[in-house]
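Quick heads-up: structures coming right below.
Shared between the two complexes below is chain A, which pairs with chain B and chain C, respectively.
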Partner chain A sequence: MAFHILARFDGEAKFAVVVFVLLALIPAALGGYTTYILPQYMCFGILAMSLALLWGYTGILSFGQAGFFAIGGYLMGLVLSGAIPFGGFVVALLLAAGLGYVVAALLGYFLFSAGVRDAYFVIVTLALSIIVEQLAVSQSQLTGGWNGMFVMRPEVDLVVAKVNLYGDLPAFYTVLAIVALVYVLLHVYTRSRHGKILVGIRENEARLTSLGVNTAWKKTLAFALSGAVAAFGGALYAMHSGFVSPSLGGVLFSTEVVVWVAIAGRTSLLGALLGGIAVSWLSSIISAWTPAYWQLFVGLIFIVTIVFFRDGVAGAIAQISRKRRSKT
Partner chain B sequence: MAVLGILIDATLITLVMALAASGLAVVFGLIGVINMGHGAMLTLGAYLTWAATGAGIPFVPAVLLAALGVGFIGLLLEHFLIRYFYDRPFETLLLTWGFFLVSTEVIKIIFGPDFRSVASPLPGTIEAFGQSIPAYRATVAGLSLVVLTTIGLVYKKTSFGLRVRALVQNREVASLMGQDVSMLYKQVFVAGAFLSGLAGALIAPMLSIDPYIGNVYLVRSFFVVTLGGLGLLVEGTIVGSIVIAGSETFFSLVTGQVFAQSIVFVFAVVLLRFFPRGILASRN
Partner chain C sequence: MTVLLQTKGLTKRFQGLVANEDVDFTLSMGEVRSVIGPNGAGKTTFISMISGHLRPTSGAIFYNGQDITRQSLPVRASHGIIRKFQTPSVFTGLSVYQNIELSVIASRAASRHTAARVGEVMELVRLNDQARTLASTLSHGQRQWLEIGMLLGAQAQLLLLDEPTAGMTAEETNATGVLINDLTQELNLSAIIIEHDINFIKSLKAPITVLHLGKVFREGTFEQISADPEVRAIYLGTD
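Up next is the complex of A and B:
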């Protein structure tokens, strides 16, 4: 039965099942600190997927994804601390996604409808990131300013059972399940008619316009969805890490996401997810003993990727497997 | 008189901003390289000045050395990477960001991550119009005018400037007329890097220097150049700087400093949307 379902999936989806099973085994295999910290890297993976959707599929690069991530994070903090006097964890997640969607849709339509594109759009998204960081600093009565905001982990009342997210193990599997759900939804979305239009915009926007597609509107929707996913990831991250600070929305973090996605492969959602997890995990391990050289190494790999491997590691793997298949 | 003081303050801030953006105006405005390493070049200029003055070299030759040093780094960057990507401007954005990542880490490894400071060569103030104006800041503002005028003269009045204008207008025809296009690209890129290094060196005594100091100016410089209009090296840079830096002085009169910066960025995004080719360009 399970085999039949698997057979209907394409290559990436099969691989995804393996990845999520392996992730689910990690607490049993490594346990301890890894069980605690890995969900936060999975949230970074969600952030990376939000960029892959926008950059890899639609061809729009954003240097402001962390801005949405921070918006989601602060919203979660405000809801769980009671500053926003309604809702709980689940409502806050949905609110975060909704807020990210609305902010991105407004900004996106404002710019795309006037034909703002490419480098100009990148600069605006950089500004967005700076604005979010500055607002987080200057509105300290809400956000705690430079000191950041502490977030209490909640107890979640699912219909069948109560899950206490204080424990690292329930928190791990809750985050993993949510990440898997986000991946599946995005995967289905990219294979839908709308997802194919986005790829069309990337490949030849003028042709799609001449075919009667309102590309400004489609780009707005793609940016809005990407903003929603990033803010959702940020909200989940805030719940898990228990802390949000202005630098979470800053330019440096925003561009770090670009580096993960470029290296891992911008045209693969799974690649971006794994890239976000792997690079941030490796960063925290290696940075503990040689931060500068690790960052230097990442920078060099980034340049090599841009020059020689446009589609990153995932693209290189796909190419190798295609070559193998054509040989046999 | 408070109004006069505010006007002088806004003028100085505008001119320092224009100096900081001048290198990007050349590199992005003329040859279309989306130089995300512009901030890193400013940072390098500041650190090289710090290193040179620390080695006992007087301030003025130290600034020139720093600018030449950054120009040389720009030459290496152009020669080994950028020149293969002039046809793909979007890739230059990513590559120059890679340059930023690498150069920032090299700075941290060589100079350490702590704050550094360069002693101001003119620590006093000038008393004029009943105001006391910081002498060094006023000097840098004056130098900014000198630099912009020089850029304008070179671009409009010399044979090199004529060849660059030919390149900007029509690369194919310039090439057919016997211009060495790839050499012109290289010269313009290195000139831009030199200007960024010079700006970083001159700004160094006004700030405490850390490995990310140039990024303060990176996004602002992009807005200056795009709002001023690509290719309008002098008038565009000044108009853009008034919008981005000068206006902040006025906004911070009514609200906090950090919030004023946010307002300026929102203002800049709105302007960019309605004047995508620059405030000056769309008037014609």
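Up next is the complex of A and C:
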């Protein structure tokens, strides 16, 4: 069995290396606009992984991920504009993750220790998205209200060298490196003891409680981590896109995140990452082609995937490779 | 012998229904006890109050001399009071290895011992050649053993077994009896076993507590209980 786990680990790790190498080659291969826009989709990939951790691994669905993403985005904007009078890009990223963690931990603590679960939890996370969006609108002296907030790309002092993120190429590779780091950390986390407990919660929470695990506490930690990752992704996105607006925290965007992850496969971090990138990329291609109907097309893809592959594309691939292995 | 578990005046009412009334019960360390009684006698309610799944209406529970009446379910489990459910409750989507591994993780054992401990437990419950099998594809009897294995992995001191042989073939039932006797003797564990299968209860050679209408009706050896006309009457009716 230990070999079995190792084999699976190597399988996805190898695949991940290929994916990141291919992503690194994209500026050379496609260049231009793709180099500019792809890092933003990679930030959506981080957001998708934050949901996969919660939904795919722990079995808790959240419609509040965009709320955390926006929290991170605004925080980055406030730091880089000097409204928060300390720190720079790196500090803002860490602050965003910390704030996302604290907000999610507080919310999770009250909800999970009170036994709130399933649809009721989803409704509260939905409300969280709405609250963040409304706050972004109403606190216009800080956030710019409906007009949104412009974020200046910074120059980052990396001890060895100064990187000016204003150029698209350095920005691309900075974001790619950070995304890869987040993926690796989350991957290691899901294979830790705590990560295994999350899977146990998904599979049979009552059994785990009866074995002596305080699952409310573990779920709170999982939600906090997921909030931290989503806010971190939002902060990175804000730096790159140069603009945050209230809709970034809204219910609509939260729903899109759920769609990405459902299509790509919620039980695979790499799947979710690729889903976040591919589906949001595809969405923008379709919306450029048919601005009125693009959501209809994404909706169709969503329905078809769910009907034919309940566990998304990654789930289908895993199933095929399992069948092949059992044949040999 | 040292007393492991004691209940005093344990009572549970659901609205108007009295499920358990004034149950005084004592279990020594290393003892196995069968709890029998007709349907609705309050057997599962009794176990649920000990495991922490239900809060008693009144009365008290002592474990190792400590009052645990107000302790939560996970805290009791971490002290070794762990329950097997009437319908086997396992992680169906995970392999046998992963199931046991989760129980070992739940016991907070040092991680460097996890793999060895999982191997030990799989051997104890005779599932070591099924390590990679998904729990959902095990036979009903094997699933029961897997759940017992999870109690061992979580380092249970007191096994609460609610119908461990339900749905088993005669052969599996026999093997389960041997397994439980081996485990309790080799590892010095204690167990409370709810059962209906009279041959299984006989094979356990354990003292028996008879519950009837929520109260302790009789306690004694298998021979005493099986010869008791009043016990026969509550099972079969008198008129």
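Here is the rule we use: the second predicted complex is superposed on the first by the 310 of 328 C-alpha atoms of A that agree within 3 Å, B and C clash if a C-alpha of one lies under 4 Å from a C-alpha of the other, contacts with A are read in each partner's own complex, and residues count from 1 in each chain.
As a convention for this text, a residue touches a chain if its C-beta (ideal position, glycine included) is under 8 Å from a C-beta of that chain, and two chains touch if they have at least 3 such contacts.
Small disclaimer: the values here were computed from a predicted structure and weren't measured.
Chain B versus chain C on the shared chain A, clash or fit?
fit
Of the two partners chain B and chain C, which one touches more residues belonging to chain A?
B
Tell me the contact category for A:L300 with respect to chain B and chain C: first, second, both or neither.
first
Check whether A:L135 is in contact with chain B, with chain C, with both or with neither, and answer first, second, both or neither.
first
Return first, second, both or neither, reflecting whether A:Y166 touches chain B, chain C, both chains, or no partner chain.
neither
Should A:W146 be classified as contacting the first partner (chain B), the second (chain C), both, or neither?
Neither partner.
How many degrees apart are chain B and chain C as seen from chain A, counting from C-alpha centres and rounding to the nearest 10?
Result: 80 degrees, to the nearest ten.
Compute the least Cα distance separating chain B from chain C in the superposition and give it as a whole number of Å.
12
In the superposed arrangement, what residues of chain A touch both chain B and chain C?
Residues common to the chain A contacts of chain C and of chain B do not exist here, since the sets are disjoint.
Of all residues in chain A, which touch chain B in the complex?
Per the touch definition, chain A meets chain B at residues 61, 110-111, 114-116, 118-120, 122-124, 126-128, 130-131, 134-135, 137-138, 251-252, 255, 258-259, 262, 292-293, 295-296, 298-300, 302-303, 306-307.
Which residues of chain A touch chain C in the complex?
Spelled out, the residues of chain A in touch with chain C are 1-2, 4, 193, 196-197, 199-200, 203-204, 206-215.
Please output the residues of chain C touching chain A within their complex, sorted ascending.
51, 53, 73-78, 82-83, 85, 89-95, 97-98, 101-103, 105-107, 111, 115, 131-132, 150-151, 154
List the residues on chain B that touch chain A in their complex, please.
So the residues of chain B in touch with chain A come to 34, 81, 84, 89-91, 93-95, 97-99, 101-102, 104-106, 108-109, 113, 212, 215, 218-219, 222-223, 226, 256, 258-259, 261-262, 265-266, 268-269, 272-274, 276.
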